[in-house]
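Both of the next two complexes hold chain A, though its partner changes from chain B to chain C.
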Partner chain A sequence: MENNPVLRAEHLGIVFGGLKAVSDFDISIGENELVGLIGPNGAGKTTIFNLLTGVYQPTEGVIYLNGKSMAHKKPHQMVKEGIARTFQNIRLFKELTVLDNVKVAFNQGMKYSLLKAVFRTPSYWKEEAEIDRKARELLAVFKMEDMADSLAENLPYGQQRKLEIARALATNPKILLLDEPAAGMNPTETAELMETISTIRKNFNISILLIEHDMSLVMSICERIIVIDYGQIIAKGTPQQIAKNEKVIGAYLGA
Partner chain B sequence: MDQVIMFLKQVINGVQVGSIYALVALGYTMVYGIVKLLNFAHGDFIMVGAYISLFAMTGAGMPIWLAAIIAVAGCALLGVLTEKIAYKPLRNSPKLSVLITAIAVSLLLENLFLLLFSSSPKPYPNAINFPSIDVGPIQVSGVTLMTILLSAVSMIALQLFVKKTRMGRAMRAVSEDAQAATLMGVSVNKTISLTFAIGSGLSAIAAVMYCSAYPMVEPYMGSMLGLKAFIAAVLGGIGIIPGAMLGGFVIGLIESLTKAYISSQLADAMVFGILIVVLLVKPAGIFGKNVGEKV
Partner chain C sequence: MKQTVKVPWKAYILNAVCAVLIFVALSGMISAEVIDKYIQGIIMLVFINIILAVSLNLTTGFLGQIALGHAGFMSIGAYSSAILTKFIKDLPEGSFLQSLPPQLIFGVALLFGGLLAAVFGLLVGIPALRLKGDYLAIITLGFGEIIRVVMENLEITGGAQGLRSIPGYSTKYFGMCYWITILSVVFMYMLVRSRHGRAIMAIREDDIASEAVGIPNTYYKVAAFSIAAFFAGVAGGIYAHYLRILGAKTFNFTRSIEIIVIVVLGGMGSITGSIVAAIVLTVLPEALRSFSDYRMLAYSVALIIVMIFKPSGLFGRYEFSLANIIAKIFGKKTGSKKEAVEGGVK
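Here is the complex of A and B:
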């Protein structure tokens, strides 16, 4: 599986004004793998997500998606190569409808030109109908088809988290980065989320990299875990190995 | 009865000039919505559009509809270039720097056209030979009819474009959260260029309509028109498309009724007075939500 990684990065690092926020970060995620990224607050987890999605340009190292170098690529170009993400603090397009949030993410796969949009040619109608169908299908996977026309900001918190995942999936990714998907959820919602994650992994055949603080979630669904502290990897391994790792226990308990 | 007819005539005048303000205000508001920039050069795009259409008609002998299309294309290009050259390098700079740059672009355009074509106003051909129609005792001129019709069509087309096309969705997404939009595969640069192109193109339509009603073209013609459209955009709630349309009509009506019933000298003062009242009473505008600054 490791032979043909969907996402690979070597010696990835970034410096902010003399401060090494992340250094020497290696990662390789194969097809359909589910990997957890954990670490204490401020360890650099979200910074790594920002590097992997092109929000920050790394000062060191290169990222490869399906073997293709992503050096100097902009985020929207990297999305085309098959990486998508959600955000730690929900960043939906609040004043757009649920359906339009998903459709925006389908945009990059659409082709009709400006003139066709203005004059509403048959190809415009065809593509719009197609996207409408796909977007509703995707919402149905998340059991959200009834809410398609409400504004994203009016959804309950748990649904907003789900919509973010649906929106990310609409970009047709090969790897999905989830930034604390269970943050602020109660145990019932978290359990539901875990189910959602395993469903999408099966249905969409994608790899997932997950940042999470809810240890029960991480330990139960991740196949491999990477632990970072102060921007560096301190441990890698299966959940069982990580649970016993002394460095990890030290980082979390401050010993 | 005469009173009523006179009032209705003023209302029609107000709607005519208001629909021109609305077209210009749309450009202000769309650009503000997406890059949070008050493009003070926007008024001068009207002036450029007026000159382009003037020369297309008098110099190249084109019919007015073709001249209008050329003016729209020219202004759209001007808008895109202005953004690329003047505003894009400053995208991460303080807002004030960009605002000052916009004023500089405005001065540059005005003085460039002053240098090229002198300050003497050029007459605009009367090319809209639309027959006037009588609505009961009121005669509505062809130009008035055409202006109201064309702006209505432009506004409906714009609404459909923004609500129902992939580019429109991208525009709304970028205006809410540009970074999240780019992470969903939307090209922010392309979307911003498109917004400038559409906004500036609308100002060219406004230019042709305005010059057909007031047939003079001169380098400073855009500044007052631009300011009033800006007030219209603020009144409706800057960044909100239906707000700009409503604001335009309200400003047009107030101006025309002030001219008729109070004093024509006070019309401008009245319009600027509205800006002050809006800023005091509801700074977010009619359709705007009052958002408290986060602490």
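Here is the complex of A and C:
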């Protein structure tokens, strides 16, 4: 798997003012791998996500997607290269319908121009019909096709999380970054989420990087785990290795 | 899986028929002199306000950016088109440009005014749209005032005296103004209901998320801003050729606010709402003339009442659809989307 990593970053670091939020962060994720990123609150997990998706420009280090350097790329350009993400505090297009939320994410793969849209040329109808079909299919994978026409803000919490994942998948990514997908979920919803994640891996053949605080979830589904504290990696390994690592236990218990 | 995206021919034809019927009715009443010059003037203002409101709705309602400089773009279109038609009118007798049909000259002048306004929209948009919310509002406000002051001091615009004896094309070619209004509305409607419109609305809903699903935010913001500026310029051109006299005071800050009020009252994000509000808010002050001194008071009270009982505006984000209403009346279920409805409400 290390031969052809989907996502690779070396010596990634960012400084805010005088604060080194992240430093010397290395990561390499292979095809179809599921990696967990854990660490105490404020350790810099979300900052790493923001670096990897181009929201922040790293002050040091480079990110490679499929071997291509992502230096100075904007978030929407990186999406084109095959990275997608969800957010810790759900960010849906609340007053758009569920279907439109997904359709927006298909936009980057669509071609018809502004004038073609205004004149409703055949290419408009062809592409719109195609995207409508694709979006409904995607929703069907998540068993959400019945809600296609309701507004995103009216969905129950667990469904909103799912919709956000569906929307990210609509960009046709090679790697998906999930930022605390189980936050605020009850055990039933978490179980459903785990099922969703395994469906995604089966159906879409993508790699996943996951931030999560729910240890039972992380330990049961991740193949590898990276632990960070104060913006630095303190441990790497399989769930079994991490569970026994003293540094990790120390960081979490404050010992 | 059911096919849900198909060409709504029925709705298109229905709305086209309505647009033609209204046109025939209006021009019939004008030639039969049921509608006098005064009412015709009000209808012309309705047209202008519809174009202005619908275009501002793109930036304010659909893109979600509050812009207070719409009168600035309007004035660019007004002055540039008026200068062009005046220039052609003042050419020596029998020159080639003068021999062209005036409708063509008028049309080209409006297009020219719109394009120039769009260029300024681009120039202002690129730096200004890095900001949002109140900051953007202030910047666009400042821009509108700069335009006004510049216009008041340029020689080509007639300085503080203003521009006089502009050819009265708007009143003369009433039908042309009607169709330009219809076209503007159709343009916006088609734009908003496309992948581009979805992208623009996604930016309104959450600009971080839209960027994260691959929407180039800056591109769409600037594009929406200059498209709105284009139509404001066209409306300005019609306005100039209706008033026939332009003074820089015509396009002050209050004018921008008037347009914003129409958009908010009609419902931010509803094109048909903007149309209805433009009609109501243009006709209302005239209809209230009998109250003389209390006219503006009644106007304001009407606004306050709407805002208290329907803060999202008359229509909210709902679009009036003639096809759907007819389907409802006849008890049929339609699979057709709400398409092209503009003809139905004018």
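Methods note: the second predicted complex is superposed on the first by the 255 of 255 C-alpha atoms of A that agree within 3 Å, B and C clash if a C-alpha of one lies under 4 Å from a C-alpha of the other, contacts with A are read in each partner's own complex, and residues count from 1 in each chain.
FYI, a contact is a pair of C-beta atoms (placed from the backbone, for glycine too) under 8 Å apart; a residue touches a chain by one contact, two chains touch by 3 or more.
Bear in mind the structure is a predicted one, so any value in this text is a computation, not a measurement.
After superposition onto chain A, partners chain B and chain C are found to clash with each other. Applying the stated contact rule after C-alpha superposition, one finds that A:R136 touches chain C and leaves chain B untouched. By the document's definition of touching, both partners, chain B and chain C, reach A:A168. Here chain B and chain C are compared by how many residues of chain A each touches, and C touches more. Of the two partner chains, neither chain B nor chain C is touched by A:A71. Contact with both chain B and chain C is seen for A:D100 once the two complexes are overlaid on the shared chain. Touch criterion not met for A:I249: it reaches neither chain B nor chain C. Of the two partner chains placed around the shared chain by superposition, chain C is the only one that A:W125 touches, whereas chain B remains out of contact. In the three-chain superposition model, chain A touches both chain B and chain C at residues 53, 55, 74-76, 79-80, 84-85, 87, 91-96, 100, 103-105, 107-108, 110, 112, 114, 117-118, 124, 127-128, 131, 167-168, 170-171. Interface residues of chain B, counted against chain A in their complex, comprise 157, 161, 164-170, 172-173, 176-177, 179-188, 194.
On the side of chain A, the complex with chain C involves touching residues 53, 55, 74-76, 79-80, 84-85, 87, 91-96, 100, 103-108, 110, 112, 114, 117-120, 124-125, 127-129, 131-133, 136-137, 167-168, 170-171.
Only residues 1, 3-7, 187, 190-191, 194-199, 201-202, 205-206, 208-217, 223, 317 of chain C touch chain A when the two sit together in their complex.
Within the complex formed with chain B, the residues of chain A that make contact are 53, 55, 74-76, 79-80, 84-85, 87, 91-96, 100, 103-105, 107-108, 110, 112, 114, 117-118, 124, 127-128, 131, 167-168, 170-171.
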